[in-house]
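These are the structures in question, set out in turn.
Both complexes shown next keep chain A, but they swap its partner, so chain B is in the first and chain C is in the second.
After this line comes the complex of A and B, so read on.
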């Protein structure tokens, strides 16, 4: 009986002053929406970096001097790039201690009017004998299937599927398989066996619209895995000091670069969210103090008709938590719709990798923010609820007149 | 009665505002800019250009119907116009997906911003149409 009475009264009060209810809900909606947005963004980046780094497999990446930034962008966002250095670098690096595995790669940008797709894509030539980036995936997904120099692996975001054919620079390649999504540059990359890539480069003079000027001994990068128990940064420093004309970065530095980028954005959003939340707390508290003052007569009459102190206390708290809970839900839903609709645009504009967190994480986050919203309503209206429940009925009715 | 008219006006202005946003979307979140060269050598705009043109027209229709809603006084006119809004909302959603689809690659400008924005605005239009066309509760008092 009590709970039916409370819910009826709460809804009646909200209907009587809809604009006030909207303001309260809106404050919490903005705060909860921002928090949801920032958290999903941050978790998505972390997810992508974890999966992407595992796929990359390398501890250290060596590129020509002056191309560290474009190389990092290529790995993070798949922004196609092409730069070369002498293949002699490989032999120089092999002389150093603590190198467990090493594999060279060649980067080529596709032409914008390639037959498969509009826009530039990233071709990466890999050495099947030494590679440890794509080979583990091949071993798992292709098993003992024979594949040739023109059988390529495509990233998830390329509009090609297993069995498709595609022409790059006049040479036809077959799609052997498609990698799982990582949210990083790998998704926009096509891995080509080095032999096939070299044939494509050579034949581009006669078959393609544009000739590729890449010497057979040139490479773009060297992927390195260090021995266990070796210090990755030490090895990286050794390479940079002993091998001329190269720049070195580690996988953790790649993560750091992305982390720094995203920190600014999410830090700002989280900062604003905290400010809005604190302000909402005070504002809702103030509004409910005014509400309780305004409804002294009504509350006094309720007490006079037999409502207990506990009833009045619960009435005020219920109204506050319903509005803030609703605001929280609206904020989460709005933020979710924006993220689902515009995630690719946001990711592209921010230049960050992103892989959606798993559904359980999203559910837990939603529940957490809803609880926070409800607690906000309860905390904000606690003092007004206590003072209204302790009012003497006669005095309340008299003061309310 | 006065409350009902007030609600009609609000809904009508809301629909008109969404219509203006649909018109503005191809400017705020532009479609792909490039031209396609045909085998004959002629250049034509990319297909998302036509999607944008169609959505501008639809946006104009939504705006006009919204204004008619805002100034309608008859209950039945209001309901029928709301049904028109509902149908327009469905067409706005389906145009970039089915009738005049945008480019194939998901990373093209039209698919990053224009298409999701239009689908969202079409969804809001549809929602307004549903709200306006819902059957009225019979009440003993007005």
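After this line comes the complex of A and C, so read on.
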């Protein structure tokens, strides 16, 4: 190297005490990694809810009394469930005002040893004549092509592709299309036209290992879209009071349920992150106070050679922000690797819907946390940098003599 | 200030509060140093030698009086200007190791170039190290150099920006006699061959023979001894 500069001095200073440098970087790495993790998780859940809710298309979901929780779990995580109520509730609800659209659904659990897939999946029978949840997707993605009662739509997480055949309870179905990923229960759901589902139920007695005991008049849920300008909660209350034996939840309550579920986890992570960050700020500040104190003579010598107060100030800040910036990057990378490697396990353990934020969001978050890490270094070392730049060179040089 | 004077102190004092009292490190000192002078300042510890050198180098401010260096009253200017004077016109040599421990001998010599924005190239840095007799020590760090070698690197570094004034504070204080004399010869050579003004502070009166002026400090006051045994002239 023909000449040296401030960066060379900073790097040499860092190399002098590598363990101390590692401690500083690690403090920020833990804080930035936790923040990255919690934010990605939170954004992933929000994304999933936004996409999932749009796909669901219903304002209100009516289920049999006592099955609200399992129904919500089915919508959120795709946890297969099955419960029934009388189909008469459809007529009762239709009599109520403010109902714009209404469509019934039937929920069936697949068997663990189903020929297509490992594990239980969630079959949802829908009525193509009244449906407003899957039909809009079919209109855009299947180009309104004719489809029969055994043509089904699979969620993204079902390991089936367009054109595949699958047998449930002895009945063969064709995969007409695969829905885009939502991160919600929809991804683990297979939507079957009601006619095909009723045939499957009837034939299960002779074709399947287990007979499905579902009456043709029974349904599992009613999806409702209320008229514009109507109060969704008012309509929900009306249904609960006028229709016996049902329980109602709204799409926003579904979000609320997920929100409550994730709030605890992200709240804890964010709380820990803030504590770590504040502690790091004080600890790095303390370390840099010690650093400038032990380097007083050196800084004085630099001043004697012609270094300005600004140069000394920049030197201290550069060292701190380089270490915290590096720590921030390490934290983000580690957190990213953990999220990529264990995302499915984390989502399963937490029981939350998750749809990865788009790359631009991740880039912006990374840049944001990097800036925060750099600011941490600057803030923590500000006071030591000011005091070291303002100390009298004469006094500083005499230190250690 | 005379045109050829590069340092002029007029009634300069430096005092510190000590309890209820005020202690003077130097008191009402007046001094002129001309270009090309080799001034040796002797005196006992605590006599104010280092303080005076630091005042001239702008490392500390005086409590009273005028301290002009290169025509600039150091009390009137901001840090940027004082630093610029130090970077471009003054080279410091200190008694104890004044090397930056994280830099090699070569990088230590290059370092002053950072502050003048005129980098000291590798060739120049090596040339200076060669001149002080450290041809094979370019890559060594201060911990790997003897006291004498460290002092030589300090001298080489002080010369890196071709200063007009060298301020040396006990540069031979921790060296053996032989090395001390070698160092003093180097200072003399700089003064003679390059015309660089040297202000050297030492507690050893024997070294006064290397300079063309000998000042003695005692209790913050300064007096001048003529080199050839002429009567003492009290300056302040």
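Remarks
The rule we apply is simple: the second predicted complex is superposed on the first by the 396 of 401 C-alpha atoms of A that agree within 3 Å, B and C clash if a C-alpha of one lies under 4 Å from a C-alpha of the other, contacts with A are read in each partner's own complex, and residues count from 1 in each chain.
Here, a residue touches a chain if its C-beta (ideal position, glycine included) is under 8 Å from a C-beta of that chain, and two chains touch if they have at least 3 such contacts.
These figures come from a predicted structure and were not determined experimentally.
With both structures placed on the common chain, the touch criterion links A:392 to chain C but leaves chain B unconnected.
Look at A:345: by the touch rule set out above, it reaches chain B but stays clear of chain C. More residues of chain A lie in contact with C than with the other chain of the pair chain B and chain C. In the superposition on chain A, contact is made by A:337 with chain B only, not with chain C. Applying the stated contact rule after C-alpha superposition, one finds that A:306 touches chain C and leaves chain B untouched.
In the superposed model, A:159 lies in contact with chain B only, and not with chain C. Of the two partner chains, chain C is the only one touched by A:6; chain B is not. Every residue of chain A that touches chain C in the complex is listed here, in rising order: 1-6, 8-9, 12-13, 15-16, 298, 300-311, 392-395, 397-398, 400-401. For chain A in complex with chain B, the touching residues are 117-119, 157, 159, 188, 337, 341-342, 344-345, 348. Listed in rising order, the residues of chain B touching chain A in the complex are 29, 34, 103-108, 111-113, 116-117, 119-120.
Partner chain A is touched in their complex by these residues of chain C: 50-51, 54, 57-61, 79-80, 83-84, 86-88, 92, 94-96, 98, 100-103, 107, 110-116, 119-122, 157, 161.
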